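Chain nomenclature is as follows: A, B and C, assigned in order of appearance, with residue numbering initiated at 1 for each chain independently.
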Amino acid sequence: MTRRLTASGIVAGYRPDLPILHGVSVHVDAGEVMTIIGPNGAGKSTLIKAIAGLVTVSAGTVEIDGEDRTGTPAHLLAGAGVAYVPQTGNVFTTLTIRENLIVGGAALAKAEALARIDEIFTQYPMLAAKRAEKARVLSGGERQILAIARALLTSPRIILLDEPTAGLSPMAAAELFDLVRGLVADGAAVLMVEQNAKAALKMSDRAYVLAEGENRIDGVASDLLENDEIGRIFLGARPEDVA
Amino acid sequence: MIGVLSYLIFFLILALTFGIAVMGLNLQWGFTGLFNAGVAGFLAVGGYTHAILTGPARDAVFGGFELPFIVGLLGAMVAAGVVAIIVGLVTLRLRDEYLAVATFGIAVSIQLVAVNWEYMTGGTLGLIGIPNPSKVLADGPLRQNAIYLALVVGVTLLAYIGLQRIVQSPWGRVLKAIREDEVAASSLGKNPTRVRLEAFTLGCSLMGLSGALYVGFIGFVGATDFLPIITFQIWTMLIVGGSGNMKGAILGAMIVWGVWTGSGFAISKVVAPEWQAQSGALQAVLIGLILVLTLLMRPKGMIGEDVTVSRHATDL
Amino acid sequence: MILQHTADGILSGAIIGLGAIGLSFTMKILRFANFSHSELLTWGAYFGLIFISVATAMGGFGGTFGPLSFGWPLILALVFAAVATSLLALLLHHLIFERLAKVTGHMTMVFASFGVALLLRNAVLLIFGADPIYYSNTLQFAVKLPGNVRVLPDQVFLLGLTIVVVIALHLFLTRSRTGIAMRATAESPDLARVSGVNVNNVVRWVWVIGASGAAVAGVLYGLTVQLRPELGFALILPLFAAAILGGAGSLYGAVLGGLIVGLSENLSVMIIPTTYKPAVPFLLILAILYFRPQGLFGEKS
């Protein structure tokens, strides 16, 4: 199995003197949906941002498809096959749908980007229908689809999703998880952070549990569903996040 | 020797006078995070108020109350403070850079009033014959200036000690809390808007005091005394000295005023008379360079922030 | 009278609007209030002067266009000024603002812009002297429009050129990938980055566009009014008023904001003494920040 991403011993934070992650290690293989869960403040989003190049990594390494990419600027990572969909503000609301996709293809040559946009429009007719409208008119679920479509434009091999189902209705969340499963069919890898731990574990292959900026438990997702210790780690979190 | 001494006294009077304004700005920016780009305007309010209160009566011009010097100083502080309250009520809720633009606009407007409201300010002619108390107490410019210097040193010390006590008081700690994190400060039950207004007002009244001391020394106030470049100079003094530190404020005033007058002197010796008009431009270029280079090479200034203040200052 | 003031207001508003585009983009994308932006107008105007002086010394390029006071040299001077001012802005970015942006917050950038403004303004004073200068001594006859409104042919040119520049910028921002990336960066720099946009490049484009707009505005000001070292300094508040009125980052907002400022300034003389005219932009700034801080066209953040 091809290893898409290896992050080892990551120390990172928004200020050098206040690290949020204290040496976290995760890896994701091709064809795998890997989920990171953990209580609020565990550093899940910081980890995903550190991998995407948005947060400075002060120690540890990030390897992508076997190459050391630690400290590579975010815009170059996008060209190297890493796509990142943030939790909030993940579409450009002042740009049209088509313009959102054009920005998504910034790392590609122009002709290639335009061809990919046509492919995306075939794949997602909803986006094609609203191509000239500003993204602010989209519903929450539609925005997530646009955000993922924008990220897919470069045909990434690693897709980082930060709480993709936050704020979605149960039905929209289920549809989104279906879409996420489909992303890894051709050998890409998904690393996802989810607050909705139970639903996320059900659709994932493997999972890591982070707490206080450190690795706690990891393993096959279905095993973790049965693991009692997770409840204790989540102590203080809302029960529906854990149950 | 006498020449050097008298020049040194003259220099110190003005440097310390500006130092008081720098301390006021330091209270606003260094401690509270308020960007006041209208320093010149508050100096002008203080200067004119002092001139109106203590100056001689004149035809067709308001004021000339010939009140004691100290009344002039206090009046200047009150007037600058009142203007600051009005300005603050309108602008203090603005984001940093909008506050900078708005206060810059206030200084421009005050300057316009100074030029145009002849009944109040004497217009372009200005107000002359403002009494200098040292003239009554001694003979000869050297002694008179020495007395005025003693006065300015006293006022500076008072302002310094007062401000030190204030910033170390519970109220001063609230200032820093607001600068660091307004939301957190308000959750502690403090009203940030009110505390910001208080700090702004106190800072501006120190600028008013500085303007009054300046006018009291020069004996004259005119519309060209408080041009926007003064705002830039006072800011440069604060940045060079190191914001968040009252000693730095005074040191910065000494250094920058030293460079300003020193370069002016050097230019007047070197440059041919027909180019004198441009020598002011060269001085201003120098101030601009000092400001930019300090930010690039020594962003914390000569003296960094007092350690009691948290590390947030430099990344504001 | 009111019609004449309106016409004058539109003309000065066009210059303010052109100059404010760059300031507005800087506030939105570079995220700081650049007090030195107005000095780029001054430098643009004087770069234009350098070009015209050289062209005249070399014998010029034929006569003037019809009723206008200028010929080809001024058109080329506009291009030269835009390029030279852009290079100056990129130099300032590289030497000062880019370095500060890496290590400090946006308010340090504002201090730095204070210093840069002092440097730029006084350098002009040192090099060119304090006396007002004109591009051309050709006398123009005013054209009489209906309603007894008098405008100079050069002013009509100014208005036409402003419209051309705005249309060109509109096409750039909506059709080119760089322009779209610029709008994306304005909304969310991080999202633009992870989408593959090189934000450093976008920032350079912001300087180039801002400086070019400023240079064109400066040359037009020099053409229709006069060149002075304080040309830009006197426009600081009108430019900020236009940018804030329109809403940071909005092209049409900046231009419309410029028109509102120009009209308010010129119409204000009917109710307040002319000497207080320079305070009008400041009052507009206070009013807009009080009632609609995001500006007329800005997005609420």
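Keep this in mind: contacts are C-beta pairs under 8 Å (C-beta built on N, C-alpha and C of every residue); 3 or more make two chains touch, one makes a residue touch a chain.
Remember, it's a predicted structure, so these values are computed and weren't measured experimentally.
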item	value
Chain pair that, of all pairs, has the most C-beta pairs in contact	B-C
Furthest chain, CA centroid comparison against chain C	A
Separation of chain A from chain B, taking each centre as the mean of its C-alpha atoms, in whole Å	53
Chain A-chain C separation of Cα centroids, rounded to whole Å	42
Centre-of-Cα separation between chain C and chain B, whole angstrom	32
Chain B to chain C touching residues, read off their complex	35, 37, 90-91, 94-98, 100-102, 104-106, 108-109, 112, 115-116, 228-229, 232, 235-236, 239, 277-278, 280-282, 284-285, 287-292, 295-296, 299, 314-316
Contact footprint of chain C on chain A as seen in their complex	52-54, 73-75, 77-79, 83-84, 86, 89-95, 99-100, 102-108, 110, 113, 150-151, 154
Chain B-touching residues of chain C, taken from the complex the two chains share	27, 32-33, 35, 96, 99-100, 103-108, 110-112, 114-119, 121-123, 125-126, 129-130, 233, 236-237, 240, 244, 273, 275-276, 278-279, 281-282, 285-286, 289-290, 293
Touch list for chain C against partner chain A, complex	174, 177, 180-181, 183-184, 186-188, 190-199, 299
